[in-house]
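Chain nomenclature is as follows: A, B and C, assigned in order of appearance, with residue numbering initiated at 1 for each chain independently.
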């Protein structure tokens, strides 16, 4: 049972990160490989702010012994301007593969610096010490803590999903997608491409960092091997599988990939005494999943369908709504079906 | 000054290795318009192939040859198995696919060879004074082989029919095909050549560092990208210059500061290049134009 | 008032590498008119359009839109002043519906902020509904209503062009520049586009059309600006320029009568 609690908690946490990636890659169309860097910063910062000052030979910055919730807020607040700088510089002139390579360079630089400059986050060995945050003030027993954490992550995920879903189907969602689809045309119609992409970038990074702060509570410790550049692709696979741009799709995709794949590979034998076999097979499957999805279903299981009312989705792709299509419900309409012509589809 | 020149000498060796890897990447980009992020694995595969050949035959020459051969096969397989399957799709999609492939290949190597470090036991030879530089036999060989490859490539590109076809295909594949060039075969053959060079580069790189593991190539990928971008993606001669520059910068930066930050420097250079000179150091302009 | 120049281009110059694409180009467009911009291939027409609309940096020269200097300003800022341009190939927002494409033309920028959509959702909804009614009218006008929920990328080339026109109509621009709108378009559609352009003018827009189709130019334009080798060689009514020897020699017999 506690195994499932763990898995679900992880899936919730990764979903939040994936939603951050969705804002940058799914909505704004920028393939950002630096995203996990913001996650890592979120984790590291949360841990160093909640634990006390470093005891030699361990080294790390801060060590303010703050309450967890405050640390979460501060961690996100610190990551936002960092992401703003990276985004401001990278999104000025770079797109597509050049943007991807640049962000790969950024996260690699961060990775190297964190590994080598030990005063920051204790280098290779990493840091630890975040044990059951909020358990004390809320009087949660050790045995119940796992349930509490799952509930916390699920609630945060729910809030994020609701907020993003509203944004997604709003005029903002429409505008940012237009920039993704064709930025020259978007500029020709008065939209500031740079500003919109940058805003999306910072928002996505903030969500990634938020996921990181929860990840810190879940793991309690963190070190570079947890976010080696080769490890981070699972998140991208999840977004790809779920449906790039589709908020609920991305959550579904994350659950499918994390839970599905972990389950799938849990029972693999240790072939040839190689302890690496299980995790390696998992990585191979992730890599293969990415290639296969890109080749055969790049839009994901749940494609992004902005602006299309539910009833019209079934006839998608055909030119012309069928008779049933007239009973459209505008996405903004809550619970009101209207018959007749579309002019009557307004909220009164 | 003497010290400085010594480091320049080391920089040249670093650049030699780097130029091999980078020029192979450039060839791939030139004919397929794709930044191949699984390129590093061609080096890694070469390094492991060389290891096996060394175990088998104890001959450095055969190991080198083996690395090149297996690399070439891997390059062709990579092209036919993945790159061509994504022909016509936006380059960013292919890039992501190569990332997936890279992950797969690295882990296949982990399964086959294990994740632990391996090493060759090759005699490095004694250091010699060559002008102001101090280099071992091995380092001299490495530099000479890089020069040999560069010259062979030059001859191939400029003096052979194949080279002309390659240049045409890299310019405009459709136009080349319509003019009667078997573009598909040229592309595949180019990837074979790139694989040969990359496989050999992997062997040399592993030999230079001393030990290696399945992440060898991927770790080297960003430095390779830095050199390739510095020369202008898709321009082989520019890449050689870029490799020289990046190699020198790496050595000198490592010499005058903490050498562990070498990688960070290289990456920093890459990021700066992409921001301010994405077309390479030789061409001005901050927006990317096709080479 | 209609005699005032809405757009005034003076000595506009742009060099790429060694080639001077736009060379000391000057012309003006009076408000309420339809002006054609013609010239042989390579004359620099598209580059001029790019420079005027902010999609390229001019080396020298001035572009005044309604008296305001806009040269080298960011394209979205120029657009917000009321200057909208289209592109040679249709640039619809492919993954969005036809209706969304039209709605996006309506320039409701204030409604697109994250903050407003999270905290003032009700008011946004109200404004949206008003715009949706207007969008429906425009879709009807361009006979696109039955495609309203179709993803724009699934449309045919001609339909995409119509969506672009609908989008422009939604924007109600002061000045619209159409870059080769007739490219690959069948005559029936062309007829509809002619009507749409006349409609733009009735609604108060000024129109500049870059085109090769001379019959189209002759039918729709009040005035024509002729470019060759980056420079304006003549400006005036089509019928007078038709026989102008400078114009004829620029085309060198390759006049396309559509």
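Worth pointing out:
What we mean here is this: a residue touches a chain if its C-beta (ideal position, glycine included) is under 8 Å from a C-beta of that chain, and two chains touch if they have at least 3 such contacts.
Computed from a predicted model, the values in this text were never measured in an experiment.
Each chain gets a centre from its C-alpha atoms; the one nearest the centre of all protein C-alpha atoms is A. Using mean Cα coordinates as chain centres, the one most removed from chain B is C.
Chain A and chain C have centres, each the mean of its CA atoms, that are 40 Å apart. One finds 47 Å separating the Cα centroids of chain B and chain C.
Taking each chain's centre as the average of its CA atoms, chain A and chain B sit 33 Å apart. Per the touch definition, chain B reaches chain A in the complex via residues 35, 37, 82, 85-86, 89-93, 95-97, 99-104, 106-108, 110-111, 114-115, 215, 218, 222, 225, 229, 258, 260-261, 263-264, 267-268, 270-271, 274-275, 278, 286-288.
Within the complex formed with chain A, the chain C residues making contact are 53-55, 74-76, 79-80, 84-87, 91-97, 99-100, 103-105, 107-109, 111-114, 116-118, 121, 124-126, 128-129, 132-133, 136, 146-151, 154, 167, 171.
Residues 163, 166-167, 170-172, 174-175, 177-178, 180-182, 184-193, 199, 203, 245, 304, 306-309, 312, 316-321, 325, 328, 330, 332, 342-343, 345-347 of chain A are the ones touching chain C in the complex. Taken in their complex, chain A has these residues touching chain B: 31, 89-90, 92-94, 96-98, 100-102, 104-106, 108-109, 112-113, 116, 229-230, 233, 236-237, 271, 274, 276-277, 280-281, 283-284, 286-291, 294-295, 298.
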